[in-house]
Each structure stands twice: as C-alpha cells, then as structure tokens.
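Structures incoming, each one as structure tokens.
Across the two complexes that follow, chain A remains constant while its partner is chain B and subsequently chain C.
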Partner chain A sequence: MAALGVPRWRCLWRRAAAPLGLRRPGRALLGSRGYGQDAGSEADKEKSDVTKPCFTDELVQRLLSKMTGLDLQKIFRPIKQELKPPTYKLMTEKQLAEATRKAIKEAKELLKMPPVLSEREPIDDVLAEDRILEGTETVKYVFTDITYSTPHRERFIVVREPSGVLRKATWEERDRMIQVYFPREGRKLVPPPIFKDENLMTVFREDRHEDVLNLCIAQFEPDSANYIRVHHQTYEDIDKHAKYDLLRSTRHFGGMVWYLVNRKKTDGLLINMIQRNLMDDATCLINLYHMLYPDCQSAKAAKEQEVHGIDLIKVFMKTESKKVGYIELALQAYQEALASSAAL
Partner chain B sequence: MAASMGTTLLRRAAGSLPGLALLPRLFWAQAAPAALLLQLQRPLLRVFSTETDPATSAQPVAFDTESCFKEKPWEYLETEEYIERYGDKPVWLGYRRNHKGPIPPQKTRKTCIRGKKIVGNPCPICRDEKLHVDYRNVKLLEQFVCSHTGVTFHPTRTGVCMKQHKHLTQAINQARDHGLLSFRIPLVSLQSEDYTNQHQAVAKTPPAPSLQSQAPWYAWYEWQQPPEKDIARIRRIYKDYLKEETGPA
Partner chain C sequence: QVLARVIMVHLAHLLMKNYHGGHVAIRMALGGCANRPFFRIVAAYNKRARDSKYLEQVGCYDPLPNSHNEKLVGLNIERIKHWIGCGAHVTKPVEKLLGLSGFFPLHPMTITNAERLRKRRALKAIAASEEETPGD
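Showing the complex of A and B:
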C-alpha cells in the first residue's frame, strides 16, 4: 500500500501457470516489511518463480477487505461520548444516496488494516568504550536527539553506562524516551496491566476483544514483541470460542484471518461463515488459502477441476480441513435452508 | 445528628465490650436510643455468665465484617443489607448536602473523617463504613460514572467529599487500566508510518575496529613509553633531586 512507503523488495504473485519454483525458507519472513537485513538473498527471491504473497499485496488486501464486510450500522454505532441533542435532516433520495456514499468512504478509511510485521531485531551495538569514566557516575545517562522534524525511527538515542560504555538504546528504552519527549495520544509511559495474561482473560470473558486490540495498537509499536503477543492471544481466544463475529466489520478482521490462514486453523472460521450464509466470504477464504499454499491437495484439485462456490468448499473440506464432520453438517443445513426457502 | 451520635456510641461500645458478637446487626440510622441502652446492658450480663469464656469468645462482629469487606469489597454489594438500604439505586441518590443558599459551593467538603471525628451528615461513601472504594468492586465505581457519556460525575452532583472523590478517580483509572471497566478508546491510525528499520539509528552498525580487535579505545589507556629525549630532559632538570634509579612504573 502506497501509504506505508515503498518496500525495498516486492512480493510477486504469479498465477499458478508458472512451474513451481524454490520455496522461501522460514515463516518468519512472511508478511514482514521490517525485513531488510540481508540484501543478498533479495535477488534470489525475486528470481524464483513462485513467491509467497505477503500481507500488503493488492490481491490479499482485496480478499481480506471483502471478508471483513462493511456493516455501516456496526461501524457507526453510538459510542459513549458527550451527548448533544439529536439533529434530524430531511433528505431526498439523491441526498440520502450521497450521504450513504460519504459514509461508505469514511467507513473504508476506518477499516484500513494495521500492519502485520515480524518481530524487530534487538539493538545491542556498542559505539564507544571509555574506561576512564568508570567509577565517576552511579547512574546511566540516556541522550536523545529531540529534533522535531526527524522521524522517530531515525532518531539517535544512546545510553552511557556507569562503566563508561556508550551503546545504542534498546527498543524498549527507545519507545519510552520517545514517549517522554513526544507523547502520543492514548499511549502510556508504562504499559497498563490490562496486557498481562490474567487481566486479558477477564477482558476476553466480557467479549471486549476489539477494545483490547485498539488499546494494543495505541500502546505498542507494530513490530514489538508485546504487540504481536497480545494480538496472537486475542486471535487464539476468538478461534477457541468461535467469536469471529466480534471482529467482523472492524479493521482487525484482516489480521485475524491472515493469522489463522498462516497457521492452517481455518475450520472454525469456515463453519461460522457457512452458518451465517456468507458463501462469497467462504470462497474468498479458500482462495486465500490456495494462494498461500499453492502446493496443497485442494489447491491442485481446484485448479484441475475449475470448481466454484459450494463445490470448492466441498473439495477443500475433503482434503485440507480437520473438522470434516462439522463442515459437512453446516453445509447440509445451509443447503436445506436454501431448498426450503426456494420451495417457499 | 442523633444517628451519628448513635454510630460513635456503638463503635465505642463495640471496642470496649466483648461478646458483642451476640448482638443482632443494627442499621446505624435506625437505632432508637432506648433500644441502644438495652443492647448495651445485655453484654454486661453475658460477661459474668459461666457459659461464655471471655478469653475464647470471638472478636466483635463489627471488626470481622469490616475486614472481610476490606479484602473483597464487592461482596457487600450482594448482601441483603445493602439491597434493603439502597435497592437498585446508586449509593449517592437521595443524599442532600447542607449548605447556605440555593446554589451549593462548587467544591464539597475536604473530608468527612478527621482522625476519629466524623462530621454531621457525612458523604454517601463515608457514612457507610462497609463501602470500600477499590478498583476491584466495579459495581460501586460504575455508580459514579455516567453510563451514557463515560464521564465521572462531579462531586457536587454525587455529594462525596473531595478525599473520597480523589480515591474514586484513582480507583476508576486503575480499574480501566486493569480492564475491569470499559471506556471509549481513542482511534489511533497507523497508516502514515514507515517500519523498514533501515536507518542507522536502529539498524546494526559495525563495531569500531579497536573494539573488535580488543585494543584499548584510546591509545593512552595503556602505558606508553615516553620518548628518550623527554626522559633525558626531565632527568637533567631534576638531576639534584633524583633518588636511585627506579624502573618504569
């Protein structure tokens, strides 16, 4: 996405017509934009014919946003804020259509997905060693460059230890110092205890997963360990209790689907979609799965037989899923409901 | 007035006399003076009876309940005593401040309890000693936050003293931090940031050659033999004061 800046390497998705190329080693590189350490292997990856799609690809984003849906009633639901007396507007059909169009545009802005990155490499570079300073101080000094115009990721923050060693500040120290000098709205200096495991459990019991994820985005950087841990725990809890509907029509749904598809835990989500009669979303999910794993059985079968719709789901169910019985039941129920409604 | 006198009397009675465990629980507001005297007389008789052993008698009930509610303050809000007293309504409903004139002062009193003295007409939280403001009893805290706007009520509306209002605000913030109380979270958009981590401020810098080769950072950290000319010059200057030759330090 252009707004995120031009990545140094692009993921190329070529249609499965090309022969299978080299597999990319390791899952950690998947969807990472912070990756740029070894420039040498870049060229190899671009040369290989089939590259794994990453989170920021156009096609992937399109599929994810289609699955997320656009429920205006949920996105613009009344929230707790200072109350004003309500305003009533009399509109013609044309004005109503215009207002709906504007609302959809704003909703699309609100549904832009936060980035999915791999964990950042820790910083531990020593810049200088001045043994002469040993014993002069009892505390560490942190020197921060507070030029207003530099981006935070280009800011130099160094620490002078009491032993005289001058080193670069670690990521946690960096985040803390930047929050001290350039405080951001919604971010606290010390992460609140809601992100501890026991408190997370309490919040999940109250079905406030969206709140937790919003707080996480406000508090942590997208490539920090805490951000990734909290997101993964939330997604696991949702998958465990099948509460997918909580995140539908929010900006977190895409991230959750990406997480589940990468770990091949799509069964619960598929059942949920079939039960809610979202067949298009189900096919999008299976297409995404095939994009990420083009060598799996169902992908090959789908390619050979050129299946669509319910048949695609049946093929996927027979080959790749672990909860075959449940998906069959759900499909049966859906077909019966279709038949009865057609009969009526 | 009479009611508060009743509370202080009861407290003193509870402190001084053992065997108050056998008394039924009294609402501080409803104790009639005659009944009070009766209650006070009963323990006096019990102390001298042969059945109860004053040494092993249980501690007065008042202390037990207070400490029990201190540990788990949310339990008090489930008791029938609380329901009978307050019902579904918030704790502060019906409380009226005493002030001169139609407009109340914009700040309530500083505190209701100074040392052991309690003012007349204490605020809704101070008048009930079983109510503890704690970040864990969310039901009590919710009564002081507007459910429509999410804003904490001003003390002039609820009538609490400034000290309790401060405790309440701290407890509400703590509860929100622990995730026990829901609130509106500001939307933070992450679209205009760059996460490539390529700049040398955050990327790996190769260490300096002297660090890699374990050489000292400055050459003069190690002993450097001075040039012969300087040694000779200094020897010449201090010729008369030189002791016998010592090796280089």
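Showing the complex of A and C:
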C-alpha cells in the first residue's frame, strides 16, 4: 500500500490544481471580484450556440447602470461610522462643480455591481484511498495550504477522513478554512441567523432589503448556494410588494433587473417606472429584454417598425406583458399628466 | 531520498553564525495553555530549545478537534519546499502529518501502527467470542 503512495505523491499536487477550474484572479480582497468575467462567459457559451448576452457584457452593464440611477443624496446618506462634527467649506461655483464631479465619480465606484454567477458545482474528488488507516482515527484532518501568494480559488485544502480516504474539501469546508487562516472583514465563521428563511421574512417586513444584501455579499461567495438563494428571495419579495425604490440607487439594482428580465417578470417594474415618469429607464428595460430574447414578438415588431419611446412601450405591452390593463392605465395617467403640465 | 547527515546550509545570515555540525529542522513547537496544547510547525536550528527562537514559522497544528470534529493543520507548502531544498531535516511527527496530508508518501510507522492496531482488535474480538462460547 505504501508503494502505491510513492509514485503518486509527486504529481498529486499538480493534478489537484487542474480540476479547480477557475482562472487565477488577483489575490487582493477587491481583486477577487474579477472571476465574474470568465466564469459567466464560459457558462453562457456552453449553454447555447447563439451568443446570448451575459451579465458582464458592456452593453448590458450600460443599460443596467442607466436604470440604476444616480441619486447622490441616497448613495451618500449617513452610514454608521464614527461621530465627527460636520465640516463646512466655502466654495465658488467652479469648486462646487468640481466637488460634485468627484462625488459622482466616487458614487459610480460605490455602484459597481456585484457579480452574478451560476451556482458552483460541488467538489467530490478523491486523491488517495488508504484503507489500512481505517479505524486508527476518530477525527478528520483538514490540511490547508497557507501560502500567502496563492489565490483563494486555487488553494489546496484536503481532508483525510477517519476511513483513510484523502479527498478534496467541499466548498463549505473551503470557505470556513480560508476564513480561519485569512480572515476577511465583515465575514463570520458561522453565517449569522439573519440568512435563515424565517428571519429573512422579518427583515423584509422592515424594508431592510439593502442591508441584508450588503451583509450577504460580505458573508458568502457569489457562486455559493446561500448567496444565490438570499438574493433570489430578496428580489422575489421586492417584486411581490413592488418596493423597487428601495434598491433604486444602490449597486443591487442591476442584479435585480437581470433576475427579473431572465424570468420575464418585468411588468411590476415597468409600471413602477412609468408611475415615476422614468421613460428612459423604461425604454432601457425593454431594450434589455429584446437583447435577451431576440426571437420574441415585440422584439421583431420593434426592429421592423423602428419604434422609440412610448410607442415601444405600447408594442411591448401588447405582446409580452401579462398585466396589460395596469400598464395601459399607468401610461394613460402619465400622458394626462404630460398634457396638463404642457398646457400649464 | 536519504539526505546527507551534515550539510552546508547556503543562507546568507547563517554564514555569520557558523553553526558547526548542526542542521535546520522542521519540527513542532508547543504553545497554548494548560490542558490546551497548540503546535506551531517551525523551521529552527536543531540544537535550539523546542519553543525558543526559530528561523520561520511554516505551519500550525491544532491537536484538539473543533466543533465539526476536525483537526486543523495549516502548512505553508512553498516555504516547506524551500527549507527542505536547503537541506532541513523533518522530524517524525511532522513527517507523519505531511504523509497524512498527501504531500509526502504515508509514513511507514503510520501504516505499521494501523496494522498493529488492527491485529490487536482482531485478537480482542476473537478472545471475546471465545469467552462467550464456553460461557453458553
């Protein structure tokens, strides 16, 4: 049995590296966001032969960020931080414009959308089977490679079971070990009970969807099951109660719109936009829908007739939406408001 | 695979120290509190005291299992490879740990102890069953 171990051990680590799959991202905390690009595009290319637009495409991102809006008052509202007396500055018009420009730049940084990835495949890869060791231990050994310079995705974390089997660690074990040896701010070893379904309901009743989503981003990896579950539940709840405004100027808005468009639940959002007189956003939404489903009726009609603005919404409404009545009412109300304000 | 007994360690700061006849060892240094051991896997001169100044910490080992029934071992593989390349010796407990992890082949004593345990348990089982049958 020992002889079996000898020729294999040299290439154990080499071979173990390959199946871990994802490309080497930057080691730094923020750099770990970079894997979204490759994982998303690979998955999408495998799904269909036609180039389906994925979350990270330039055009999609532009549409989503346009819809997110840029309400500076909401983005820079006071967050919990150290109590400092406010500073007052005397500025000329030019300096004020400069300061606003810098604020907008910072706001765009804050509005960077967190990655949307498909759920990760579970790891179950056995590296070695040494059945002689069965019964010697009652405990598993978890070996983590704590080399500082390897990216977390490529780190070797293996588990030696009491049965003598040497296997790669599961995703949950990996996350836990990496948090033990390389603790990340805002992340706990044991996920806080706020992410359980019953407690999520309580949070939604208090309209604190944004806080939950921020906590979720800090706690879980973007392709873990918990992250996706919490996000989907939040989006469903917002859609059910039409609370789209809660996420409007935050970095979660893009993700929510992507989710809704992929499941064709855009009606509530459309009505909300029309009621708030955000016609550009409504057209952006419909453009995004047509990009994702180029074969649907309204997309073909729009391409043939080259419609824009309200007519585009009307075409979309007749062919694709389920709540035709509501959208018609909202459009009517909007047009009346326009007419009366024009008359004034 | 057998490393020479006395090796010139080619490291800059060692030229000053002239550690004659000794070698670097990768071994466990005990820390922690009463009834709570904790080992640091450390590259140190072999003549140094067990817990005193070491050259570099290269891992850690927690002998008490945690709430998920796991014993955690952290190994800085890159640095371990570097020290072994410089001619460090590895003590038996660390060799056994590295064997269990898959970085080294399984240590022969691990296998021997496993086989001895198995034989002892088999004998005990036979003795227990023999006790029962005359008892009937």
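One rule holds for everything that comes next: the second predicted complex is superposed on the first by the 294 of 344 C-alpha atoms of A that agree within 3 Å, B and C clash if a C-alpha of one lies under 4 Å from a C-alpha of the other, contacts with A are read in each partner's own complex, and residues count from 1 in each chain.
Keep this in mind: a contact is a pair of C-beta atoms (placed from the backbone, for glycine too) under 8 Å apart; a residue touches a chain by one contact, two chains touch by 3 or more.
None of the values given here were measured: they were computed from a predicted structure.
When the two structures are aligned on the shared chain, A:144 is found in touch with chain C, with no touch to chain B.
In the superposed model, A:192 lies in contact with chain B only, and not with chain C.
Of the two partners chain B and chain C, more residues of chain A are touched by B.
Legend: residue contacts after superposition of the two complexes on their common chain; A:160 is shown touching chain C, with no touch to chain B.
By the touch criterion defined above, A:342 reaches neither chain B nor chain C.
In the superposed model, A:127 lies in contact with both chain B and chain C.
Using the contact criterion defined above for the overlaid structures, shared-chain residue A:135 touches chain C, although it does not reach chain B.
In the superposition on chain A, no contact is made by A:90 with either chain B or chain C.
Of the two partner chains placed by superposition, only chain C is touched by A:181; chain B is not. Chain A residues in contact with chain B (one complex) as well as with chain C (other complex) are 1, 5, 127-128, 130, 132, 156. Of all the residues in chain A, the ones that touch chain C in their complex are 1-2, 5-6, 9, 12-13, 127-128, 130, 132-136, 138-149, 156, 158-160, 166, 176-177, 180-181. Residue ranges of chain B in contact with chain A, taken from their complex: 147-151, 177-180, 182-199, 201-202, 204-205, 207-208, 211, 216-218, 221. Looking at the complex, you find that chain A touches chain B at residues 1, 3-5, 7-8, 33-34, 36-37, 79-83, 110, 112, 114-115, 117, 120-121, 123, 125-132, 151, 153-157, 168, 174, 184-186, 192-194, 199-200, 202-203, 206, 208, 211-212, 214-215, 217-218, 222-223.
On the chain C side of its complex with chain A, the touching residues are 59, 65, 68-79, 97, 99-106, 108, 110-111, 113-115, 117-118, 121.
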